[in-house]
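Okay, structure first, notes after.
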Amino acid sequence: MKKLSPKTGLSPGSLVFVGHKKTDKTAIDIMDFNPTELKELRTDNLDDFFLLKDTSDISWIDIKGVHNTQMISQIGEHFQIHPLVLEDIMNTRQRPKIDFYDDYIFAVMKMISWNDKKKSIETEQISLIIGHHYVLSFQEKEDDIFDPLRERIRKGKGRIRSMGSDYLAYAMLDVTVDNYFLVLEGIGEYMELLEEKVLQKPDKEILKEIYVLKRENLMLRKAVWPLREVNAQLERTESTIVKKKTRPFLRDLYDHTIQVIDTVETNRDMTSGLLELYLSTLSNKTNEVMKVLTIIATIFIPLTFIVGIYGMNFDNMPELHWPWAYFAVLGIMAIIALGMLWYFRRRKWL
Amino acid sequence: MKKLSPKTGLSPGSLVFVGHKKTDKTAIDIMDFNPTELKELRTDNLDDFFLLKDTSDISWIDIKGVHNTQMISQIGEHFQIHPLVLEDIMNTRQRPKIDFYDDYIFAVMKMISWNDKKKSIETEQISLIIGHHYVLSFQEKEDDIFDPLRERIRKGKGRIRSMGSDYLAYAMLDVTVDNYFLVLEGIGEYMELLEEKVLQKPDKEILKEIYVLKRENLMLRKAVWPLREVNAQLERTESTIVKKKTRPFLRDLYDHTIQVIDTVETNRDMTSGLLELYLSTLSNKTNEVMKVLTIIATIFIPLTFIVGIYGMNFDNMPELHWPWAYFAVLGIMAIIALGMLWYFRRRKWL
Amino acid sequence: MKKLSPKTGLSPGSLVFVGHKKTDKTAIDIMDFNPTELKELRTDNLDDFFLLKDTSDISWIDIKGVHNTQMISQIGEHFQIHPLVLEDIMNTRQRPKIDFYDDYIFAVMKMISWNDKKKSIETEQISLIIGHHYVLSFQEKEDDIFDPLRERIRKGKGRIRSMGSDYLAYAMLDVTVDNYFLVLEGIGEYMELLEEKVLQKPDKEILKEIYVLKRENLMLRKAVWPLREVNAQLERTESTIVKKKTRPFLRDLYDHTIQVIDTVETNRDMTSGLLELYLSTLSNKTNEVMKVLTIIATIFIPLTFIVGIYGMNFDNMPELHWPWAYFAVLGIMAIIALGMLWYFRRRKWL
Amino acid sequence: MKKLSPKTGLSPGSLVFVGHKKTDKTAIDIMDFNPTELKELRTDNLDDFFLLKDTSDISWIDIKGVHNTQMISQIGEHFQIHPLVLEDIMNTRQRPKIDFYDDYIFAVMKMISWNDKKKSIETEQISLIIGHHYVLSFQEKEDDIFDPLRERIRKGKGRIRSMGSDYLAYAMLDVTVDNYFLVLEGIGEYMELLEEKVLQKPDKEILKEIYVLKRENLMLRKAVWPLREVNAQLERTESTIVKKKTRPFLRDLYDHTIQVIDTVETNRDMTSGLLELYLSTLSNKTNEVMKVLTIIATIFIPLTFIVGIYGMNFDNMPELHWPWAYFAVLGIMAIIALGMLWYFRRRKWL
Amino acid sequence: MKKLSPKTGLSPGSLVFVGHKKTDKTAIDIMDFNPTELKELRTDNLDDFFLLKDTSDISWIDIKGVHNTQMISQIGEHFQIHPLVLEDIMNTRQRPKIDFYDDYIFAVMKMISWNDKKKSIETEQISLIIGHHYVLSFQEKEDDIFDPLRERIRKGKGRIRSMGSDYLAYAMLDVTVDNYFLVLEGIGEYMELLEEKVLQKPDKEILKEIYVLKRENLMLRKAVWPLREVNAQLERTESTIVKKKTRPFLRDLYDHTIQVIDTVETNRDMTSGLLELYLSTLSNKTNEVMKVLTIIATIFIPLTFIVGIYGMNFDNMPELHWPWAYFAVLGIMAIIALGMLWYFRRRKWL
């Protein structure tokens, strides 16, 4: 939520990095390929890949680290990207969205991963600029979920080498959405754990855990709902960048997004159910504690009153002098106690 | 929720089985019929039914067990099915959906059954590929709700032999949706049972049961809401596979789906109502327990104090020596006790 | 909810009665009229009214009892009704709906009545088939809310004799919707009663009553929401059966349906409010009970401790031998008690 | 809610008064004006104003009291109003709505006022029939929020004399909606009062007050939501009665209605918040009461046990004969009490 | 909520100030610029800026203080503004909205700032009239969030000097929406603070704070939801005032608004979560307090009863005379106490 403010007062399109810097280095990985050839290049020198733009090959230019204002600005100039797009790339608090420009499509989405130790979600922003012959991808840090994709390109596996930049972009979106399923699995397992805890041995900590789970669900929701719109617009766009052959894949991607949303919503409902269950369990326990207290007090308080009576020091208390009075009183008290127990049993308190 | 992950990183359209394998065997049942003739065949050999494709008869090819990658892939090749469709068939975690291709319609739905012993829902995925002259159906295991349908085809009962592949597919969807009513009945009876329990003798176990019921409702919801969209699109499609004569039936199917959804939503509301009722009952009981405790304590604590007074050992306590003091104190205490009882009765606590 | 299952596995369009049979007899009432003439007929013989079909008069054929498969089937054949429609007529668990066929309109709705003794809703299904010159109405039992309508036809009161079959059908829908207001009144009065009870003397039974009210509201909702769609489609239809002159009436009917829905929704909110009010009242009472207990215990427990002290049997307890010690102790205890009372008053507990 | 029933069974368009009669008298106020001239007339004689209909002036005919069946029926005949409209005018339980007829527009709305003493909303139904040269307005009783409007017409202030019947109707709708703001203010002040009460000195009565507030909000909501639709349709209508020059005013009116709805919805949320706050405060207080009880009981119960020990009458209790035993026991008890207090302080209970 | 009433009964378009007056002074700041020139002027004399209207430069006329009826009316006359617009400008309770007139666009929005000391939102209404060559802005008071914008104009930074009045208006809307992020940050930090408090040391005050937070969220929501519609309409308008070049900026603005709404909704959910967490914590604490009480009472009440027995004064109590009886009783009581402790430990109460 924090630090959204550095941009206030600046001219729209000003390049300012917004967010937590996740890496210091920046790197650029370039893959330039056609069905038969593949060039790979890691560089810091922007001039290297500026050569690639105009070939008929597909170029994937993957920029890691978006905090370098100068670099982003140079790339923007070279590819003639609208300043607002560059601004959005550097603002890592962006909401997932898609914008269609004449020569390229701009999409922002969230890469999400589940930290199983901290039981929390980690977010990275990924921006794509999809041109006719290139895809620019911008990531916040270097560790890379796109490696399997890169491997597929290297081995020429699947359709990826023979289809256009739209299919490449689709493949990247697909990897991202597939990753959501991993996160949902992590959350699902965590929820099952909590569920078991609530049912077996509920303790105070669970409250905090359920609350955190709720928050994580909210965060996830905030990331996936807009993605649905992104994918829907991408599938239905009339932009010539997206070819007819790619549409069934985009339709499939859209279906996956819906499935993610469905699961997130179900998780929300189940988290609420979990809290309700915990609170009900607690009410139940309070009720039981009350019963124990009430039973003990209800049995012994009257008895204590009776023994108190015969502890009084009046001169004239005839019962005190009867020989079997003591045993009679003990007997009467036993009968009272048993009567109470019978009453509680009838009321189903025991 | 679990095991959604094996596909991560693979090329889209890769054939990987996702889910719990419910059977080891695979079997293929073929029915090839026209209004006058019927051929039936059970085979493992794909070549057997590849002959059937091009006849003008209607062929129903029912594949049981979708974990056999090779078989699915061969079928896909023969019928020229898009790889994404094959991938979806093998992914048993699919959300119900429908996709329209040029030569066929692809639909996924959930077969649901109510396990009355476990009081839980069991799910099986069923995929249909509806071509002009054939229907391919894919089931996860062998036990078969389509048997009555098969019987109808054998006996030539109803319209089924004289209408096209679209009507056959409709008949299968209809059987599936009819089955939902059975599940709703099971859940309905279970809810009535719980309702009675909550009203008669609420115990701790009910909490768990209501929670589980809630979860089952959520699962059911997740299966039926998308089915509505599937049926709506099937009815409204402009695909030539669906003929005008079949539309009233699809409209009827759609109405049934809406009715299922209606009932699922009502069930959800009633489950919430049940939990509220249970919690209110609990509050009520806590309140009653408190009252008993308070009445007993409020009556006897002051009395115990009084008898305590006359148990003190001061030298100079004149009352102790009055001859009727003991009986007077007993009388006063009786009056106090009766006064309290009268007060409680006035306050409606008794 | 129960007994939805007998149809599972049957061919669509199979005629099976689904529901509770509410009568054993079946009867057919026929009215055949034009602005100047009126024929009336009660018959069991289907041939009687088959003669009527082709006159230019308006015929209202009212079938009471829909469990007679053979009769329904004969009527269907004569009027050339689609088998799915006949199936729906015999399934009394139908959701209100409307279907437009080339030669007739088929509408299903729920007749609802409020049983003031049982405080519950009773439902009967009514199906209408509206042709160009006839209306077929199907009811589950004989007692008849259409009697005033019949009277109007007999007396030639209003427009009913001079307008077409669409107006006749409208009149029947109108009577049904008007009846909903009676039910809402019954529920409204019952809610006011409950409200008063909750505010005046809440007892345990109210919980059950609120829960039942909630369920009745859910049932009512399930009956009226789809009716809205039915009436909206009827008003907007392009079918030539519905004439322009009838549309303002259908519009009015639609408005009434919306008003019913509005009231049902408001009732739902108020029922929730009632439960909240009851639970809050309960919390309040528990709080009060607790206060009484706490006040009594807090005053007397310390006092009892003090008198306990002077009940000890130590040899050396100098206070015991002071002459005014007893009265001093009594005085101190009175001061303590008054101090406590003052404290409680300051805390607003008294 | 009550008395919706008298119409059941009657022919649609039958004139029956539905509702509580708020006045016995009926009166008709007529204003007939053009930019330069103004005639005013109060009459009971319908013939008086029937003369006015066909002039090119604008006539505002304001009927006070809608229970006079004969009068309504005569007016209806003269102005050729559809019987359903007349029926709706006499049914004061109508939902706000608008209907467009060829020669006139019919609108129903609710005049709402806030009774600050009873803290409740009072409703009056106002119906408008807007013709090309006249506006008929029907009110339930005589006291009149339209007086300022009448004054404006008399003084020729504003546009009202020079614009058409549509502007006159707009002015009346505007006055009605402006009145809603007064009601919202009243409710707003009442809510602030309740809020303060809940935060300062919550008592039992607040529960009832919050519940009533909730109900009033529901009532208000039922009156204003349909009004939105009324105003939206009036603005967008293609009827020639509404002129282009009036549309900006109708747009403004629509905006005001939205603002009313917004505030009503916010009020609903805040009322819920108020109830939550009250209940939480109550929980808090119960918790505190419990703590006091627990502290007192936990300190004194063990001490009372100790003094009880030395009140026993065993022959052989050596401690009793030690000279400083009494003071030692007093000292030990003081230490125990202080220890407990320290423990409670550490637990943050004190 | 208050003081919405002064306008009731007035003619629409009457100029009356509605709201709290935030300043007494009024001032007018004028900037008149083209890409190369800039004139700046602060004046009270309306004649000064009336000269500017017809130049081809862009004029920004910023009016501070909207309570001066005469001034607003003169401006309105000069720029030929519809009276309803002027009325809306002077009504500071306006809902954010946009209206398109032939020669100008009228937009109302809320400037929001977060008062970190009072932990509350402060609102100021800003109205814009966007003509072809001018923008009129109306603020309630003088302190100015538009200063950075003014600075940008002075320095000729960014596009602002070379684009039209639509871009200038966009820049002002952008500053306003950027400001919302600052408010959201403030609220976010406050929520984190409250969250920590609830988890670490919940006290009574938190209840009030959560309630106030809830109310602030509601207020924020009321301000931002309509803004979405404003921005959406501005982007999609066909008015020639908004040029094609400005649309990507308006699209970006719309995205920011959606992001604000998203965050506001998430905040609402989290505030509810916070309340739930607090209440659950409270329940937990009550439960613990109960346990302590129950343990103490359950251990000591029976023991006190036992010592009471041997404090009775019966003549014939044989145990009293056994030499080791006292120690035996002490031992038995110790065993009972330990048994209870063991029982509580087994029940997980300790």
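For reference, chains read A, B, C, D and E in written order, and residue numbers begin at 1 within each chain.
Everything below uses one rule, namely that a residue touches a chain if its C-beta (ideal position, glycine included) is under 8 Å from a C-beta of that chain, and two chains touch if they have at least 3 such contacts.
These numbers were taken from a predicted model, which means no experiment stands behind them.
Where the sister copies subunit C and subunit D meet, the same residue numbers recur on both sides for under half of the interface positions.
Centre to centre, using the average C-alpha position, subunit A and subunit B are separated by 26 Å. Distance from the subunit B centre to the subunit E centre is 41 Å, each centre being the mean of its Cα atoms.
Residues of subunit A in contact with at least two other chains: 283, 286, 290, 293, 297, 301, 304, 308, 311-313, 317.
Here the chains make one closed ring, and walking it from subunit A through subunit E gives A, E, D, C, B.
By the touch criterion stated above, subunit E contacts subunit A in their complex at residues 148-149, 152, 157-160, 170-171, 174-175, 178-179, 181-182, 184-185, 188-189, 199, 248-249, 251-252, 255, 258-259, 262-263, 266, 269-270, 273, 276-277, 280-281, 283-284, 286-287, 290-291, 293-294, 297-298, 301-302, 304-305, 308-309, 311-317, 348-349.
Taken together, the subunit C residues at the contact with subunit B in this complex read 1-5, 7-14, 82, 84, 88, 93-95, 97, 99, 101, 201, 204, 207-208, 211, 214-215, 218-219, 222, 226, 275, 278-279, 282-283, 285-286, 289-290, 292-293, 296-297, 300-301, 303-304, 307-308, 310-313, 317, 319-321, 323-326, 329-330.
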